[in-house]
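Residue numbering begins at 1 within each chain, and the chains themselves are lettered A, B, C and D in the order written.
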Amino acid sequence: MSTIVIGLSMGMLLFLLAAGLTLIFGMLRVINFAHGSLYMLGAYLSFQMVNLTGSFWVGLAVAPMIAAIVGALMERIALRPVYDRDHVYQLLLTFGFILVLDEAVRIIWGLEYKQMYPPELFSGAIEMFGSSVPSYRLFIIGFGAAISAALFFMLDRSRYGMIIRAASGDPEMARTLGINVSLVRTGVFSFGAGLAALGGAAAGPLFPIELGMGFNIIIDSFIVVIIGGLGNIRGAVMAALLIGMTRALGYSYAPSWVDFLTFILLIGTLILRPEGLFSRKGRTA
Amino acid sequence: MNSTAEAKHVLRCEDIEVSYGAFKAVTNVTYKFKPGLLYGLIGPNGAGKTTLMNALSGRARISKGRVFLNDQEITKQSPHARTWAGLGRSFQITQIFAEMTVFENLRLAAQAHRFRLQPFWRPVGKFKEIANDAEKVLSEIGLESFGHVNAGSLSHGDQRALEIGLALLSEPKVLLLDEPLAGVGHDVGEKAVELIRRVSQGRTVLLIEHNMDVVMEISDEIIVMLAGEILASGNAETIKQDPRVRTAYLGEDE
Amino acid sequence: MNSQRLMALLVAIIISAPLLLPDGQGIGLVNAILIWSIFVIGFDLVFGVAGMLSFGHAAFFGVGAYTLSLLTMRMGWEFIPSLGAAGVVGGALALVFSYFAIRVSGLFFALLTLALSQLIYIMAGTKLRMLTGGVDGIAGVPRPDLFGIDFYDDGNYYFFLLALFILALLISGLIRISPLGQALKAIKSNEVRAEQIGFNVQRLRRSVFTISGVFAGVSGGLLASLIFYVGPQMLHWTTSGDVVIMVLLGGMGTLFGPILGVAIFEFMREWLSTQTSHWYGILGLIFIICTIGMPKGIAGLITQLWDRIMPGGKS
Amino acid sequence: MNIVKSTILGAACAALIGGAGAFPAYADEPEAFKIGAVLPFSGPYGIIGKGMKQGAQLAIEMRGGKVLGKPVEVTWEDSETKPQPAVQKATRLISSGAQMIFGAASSASTAALQGITEQRKIPLLVTISADDKITRANGYHYTFRTSNTLGMEIRMAMEYTKAAGLKKIYAVGADYAVTRDGLEAYSAAAKEAGIEIIGVDFAPLGNRDYSVIIDKIAKTDADGVVLIVTGSDGVTFLKQAGQAGLGKTKTLFGPVLQDEVLAAAVGPDAVGAASGVRYHYSVDNPANKAFVEAYRAKFNEWPDSFAGEAFDGMSWFLDIVDGTGSWDREKWVTAFEGSVRENSVEGRKEMRACDHQALQVGLWGVVEKGEAPYPDLRMKITNIFQPEALFPECAE
């Protein structure tokens, strides 16, 4: 049972990582390789906020905002001029972002590892199903669920969601309807960057904050996004939970095969249902 | 050896159906195409004309039924295999190699037809036979003077002519033309009609066209589709008289 | 085509640098450039000519390196047959990949090849460690032993690599202008039309993917012998990323552009890194600026400059 | 379509130019003692490169910046923690006259460097990479390692297990060859000592989440957990173990689990974790005191183990070179073999001739809270194991 709780928390963490990536893809058709670097930036920023204010919550709130500004700048300065070109160029640009962001973090915070702790409220462990589950894990589950609910609400129910869907579905049409498509693009990229940083801030107390932390996480996020279906938030939640559970069960029975299992799941998905396991649309030519 | 069969029907559809999920874009289509005739395919938008053409050329998956080309079943074959079997087509939205010259476009079609495995040990220019094929078609479609022009910079009408030329190079027995006159100006249109007439000599042509005057004028037989099914077929006079066609058209259009 | 010639000249100057400079300076750098060039020459057939963005070529590169290392070190094979085998194995793996990956196109193709090559990376690092030496790799990969020449001397090895490089360049140049190359360009230009005029698109894609796998395998084997070492790092997705960057930087779809891309990338790595420890960030900035400002890479820039200097000298 | 022609043209051009060029012989009268340092300065391993550079710099400075009467010139190159750049840069350093190569950090890069240094007959000084294969009997003639091997660290872990009276051990390793071998050796020794291994898990290298494994371990009656993981993997484990309270019931230890850099990344949850220590500034001998003082004066921080090991190896090597009074590199190699350094910063070290591995004491410590001027979390050296228990006969 405790494995399931941990699996849930892994899944929710993965969702926080992947949500921004899938959102950006859905809107801009850009695979943002720099997502991992934004995640790392989020963790460092949040560390910095905690150091300045002593409050985990301030870090969790402020880090995504700063990262969102960085994201908006990235989109405005670099991505905008290349939208009408092949997707390859956007992808290459995000490669460049990785190098620049990593370097910026290195210059600002240096090479040393940084650390963060769970907030006072969630620092202990709770006895559950015969094992002690860190309460921060429970927080992650709740927080992830809340964020996903908020995202659903925003995308499905609110005016913003409609605008975003209109702008991504048919930019020309949206333009004639008076929607500022380029502003929407900046907004979505910036929001996605903020989500990445939110993931970083939330992950801070669980992992070492270091320069390489964005490097592996990007592959994890890709896996979730692909299995969930590119651009599909609902699918991303399901995929993140699926991967979280697979990993948790993998760790409890055959830890050395965990990565292997995840990749088999991924490749199977790409071969059998390239549009994603949790995509509702049928496959059309 | 199959000349007798060929004499009867060159293309045969047996109860074919194309569906996207629950939606049936084409259904219950059974039809036999005779060699050497020009068929006009008409019907209101969304009637399934292009889908039928896609099903015949292999771009849309046939969910039920069978298609035969010269008595050889092609239902499951991929588009290139159908081209090899003698089926050429043009598209509603012009599909050409825009950044290559007109001659290169045609030469590609020629080499696709000549070689099953594309040679890689000699420059393409050394293969004289494909250049000759391309030159021949170049003049057939009346673009002799545009051989070295980038295909993308041709006028719309010339692009449509080039598309027909590309299809011709595979020496098709059946040619599917999806609205070759759409968007073509009136004066150029006459040239295009002339081209269609010319290429239909000795082969079966299936033509989707919205201009009723043209269709009625050049078709040997007309097929009317509505809601994915064949509503009626026959020569121009029969179709004009058919009450079902009249209601369908008048109900749709006005 | 005059700018083509100018680029050929530039490439010639770069690869003959060790002969021009005193003390054979830069020979290590040029050797690496030659090897990576063989890789990108093949990769660009897939990426620049056929228009398939593959993020899986690190797998063929790395597998070629392991093949050469294992055959020479464990099986006692001669170098040349081992190098041939590296190409064959690289090509074979590419063929296997293509059966999975060519069913999907565009970004899915990129992601699927990425995933497949990461799987190979994980396998090499953990499960196949008996064969691959795991994360630490295998040190002591040999160089050829031919005609009594000491190829352990980088100056001599340079000529060996140069010969292979020119061979690769010729093969790739010929493929580009052969019917096969034209057919691939047609697929890139308009897949629907290419299929409809009778090209077997899947098979053509598979064959070019396989050919580029051979190039990658050979160059992987050569890199292992150049640095006397093979490790799973060569299989990592960032290696594939580097190659994409090199090709785009140089100019995709051109014969010499990608080679210039390699030269610049490797030169940056060598020179910029001695100037500042922040060189990675600077490299990133350069990439961003180049991508925005030079959509056709160095090759495009050269063509543009050439047309300006020599107006009317167009094709 | 002149591509083929252009190619031939280019090739001909290259050949022509090639024919005109020649290879002038390298003039062999060095103006300076050139050291080529290939260390990771970019990427996540940058911290190791930084410490090693500072340590080596100080070693050169403290001897007046001279060897064999000539100034020492070090060229610092970034290995990016990748073998290819490491080798490429070492090649260039050697061709521009480097007398020795210093580096690299990761065992993979070091192994790659060994190929080139053997080939060029240039001494390679290793002060951090721990893979046992780097120094093996009758292996690499030009490689010398003055720092620890993983093998000796695992033996230290075993010695510690016995000394701490732990009876039931759960083992967690990163999934790669060296750690698997290490854990095998540990298990064999445990069997002999009557210590029970009640569970073994290998997690992927660069593992992101240990919580399930931690939960599994918490439910066993193990009294100790041996962690054969390094760097950020160890940090991740200890952070997550701390949140689950694993350290309250079980002793967490490992051969290279913690140092002060890593402990700072874990935070208070690191307290109590025990680990092998490569070098420590608290080691009480005159050489170390002098070094620590000079280091703090120059860099205003405590030397980490990367700096200490680099300082020690570099000073030792340069002393040997100076002692030969010769520029003949073969003489240096011969002189280094079997040499004894009584006054190293870690005590007595002896360079074993058969495999070029320095025999030395093993330091073992535990993380505790520190007070100024020390870092918040510091290693307290608890055990010093003698070389006899740590190094097997030179026979592998």
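Keep in mind that, in the parts below, contacts are C-beta pairs under 8 Å (C-beta built on N, C-alpha and C of every residue); 3 or more make two chains touch, one makes a residue touch a chain.
These figures come from a predicted structure and were not determined experimentally.
Engineer: Which chain has its C-alpha centroid at the greatest distance from the C-alpha centroid of subunit D?
Structural biologist: So the chain farthest away from subunit D turns out to be B.
Engineer: Most central chain by CA mean?
Structural biologist: Measuring from the global C-alpha mean, the nearest chain centre belongs to C.
Engineer: Could you tell me which two chains share the largest number of C-beta contact pairs?
Structural biologist: Highest contact count belongs to chains C-D.
Engineer: Between subunit A and subunit D, what is the gap in Å from one C-alpha centre to the other?
Structural biologist: 35
Engineer: So the centre of each chain is just the mean of its C-alpha atoms; given that, what is the distance between subunit B and subunit D in Å?
Structural biologist: 71
Engineer: Using the average of all C-alpha atoms in each chain as its centre, how far is it in Å between subunit A and subunit C?
Structural biologist: Their C-alpha centroids are separated by 32 Å.
Engineer: Just give me the whole-number Å value for how far the CA centre of subunit B lies from that of subunit C.
Structural biologist: Once rounded, the distance between the two centres reads 42 Å.
Engineer: Identify all positions of subunit A at which a residue touches two or more other chains, and write them in rising order.
Structural biologist: Residues 106, 256, 259.
Engineer: Counting only residues that touch at least two other chains, what does the list for subunit B look like?
Structural biologist: 59, 123, 125
Engineer: If you look at subunit C, which of its residues touch at least two other chains?
Structural biologist: Touching at least two other chains: 122, 126, 174, 177, 280.
Engineer: Looking at the complex, which residues from subunit C come into contact with subunit B?
Structural biologist: Touching subunit B: residues 174-175, 177-183, 185-186, 189-190, 192-202, 204 of subunit C.
Engineer: Help me check something: in the complex, which residues belonging to subunit A touch subunit D?
Structural biologist: Touch list, subunit A to subunit D: 2-3, 6-7, 9-10, 106, 111-115, 117-118, 123, 125, 130-134, 136-137, 205-213, 215-217, 220, 247-248, 251-252, 255-256, 258-259.
Engineer: In the complex, go through subunit D and note every residue touching subunit A.
Structural biologist: 42-44, 46-47, 50, 175, 201-204, 206, 208-213, 215-216, 218-219, 232, 235-236, 239-240, 243-245, 261-262, 264-268
Engineer: Hey, which residues of subunit B end up touching subunit C in the complex?
Structural biologist: Within the complex, subunit B touches subunit C at residues 57, 59, 78-81, 83-84, 88-89, 91, 95-100, 104, 107-109, 111-113, 115-116, 118-125, 127, 130, 166-167, 169-170.
Engineer: Spell out the residues on subunit D that touch subunit C in their complex, using ranges where they run on.
Structural biologist: Interface residues on the subunit D side: 1-4, 6-11, 13-14, 17-18, 20-21, 23-24, 26, 41-43, 46, 75, 77-78, 80, 82-85, 87-89, 91-92, 95-96, 107-108, 111-112, 114-116, 119, 131, 133, 175-178, 180, 204-205.
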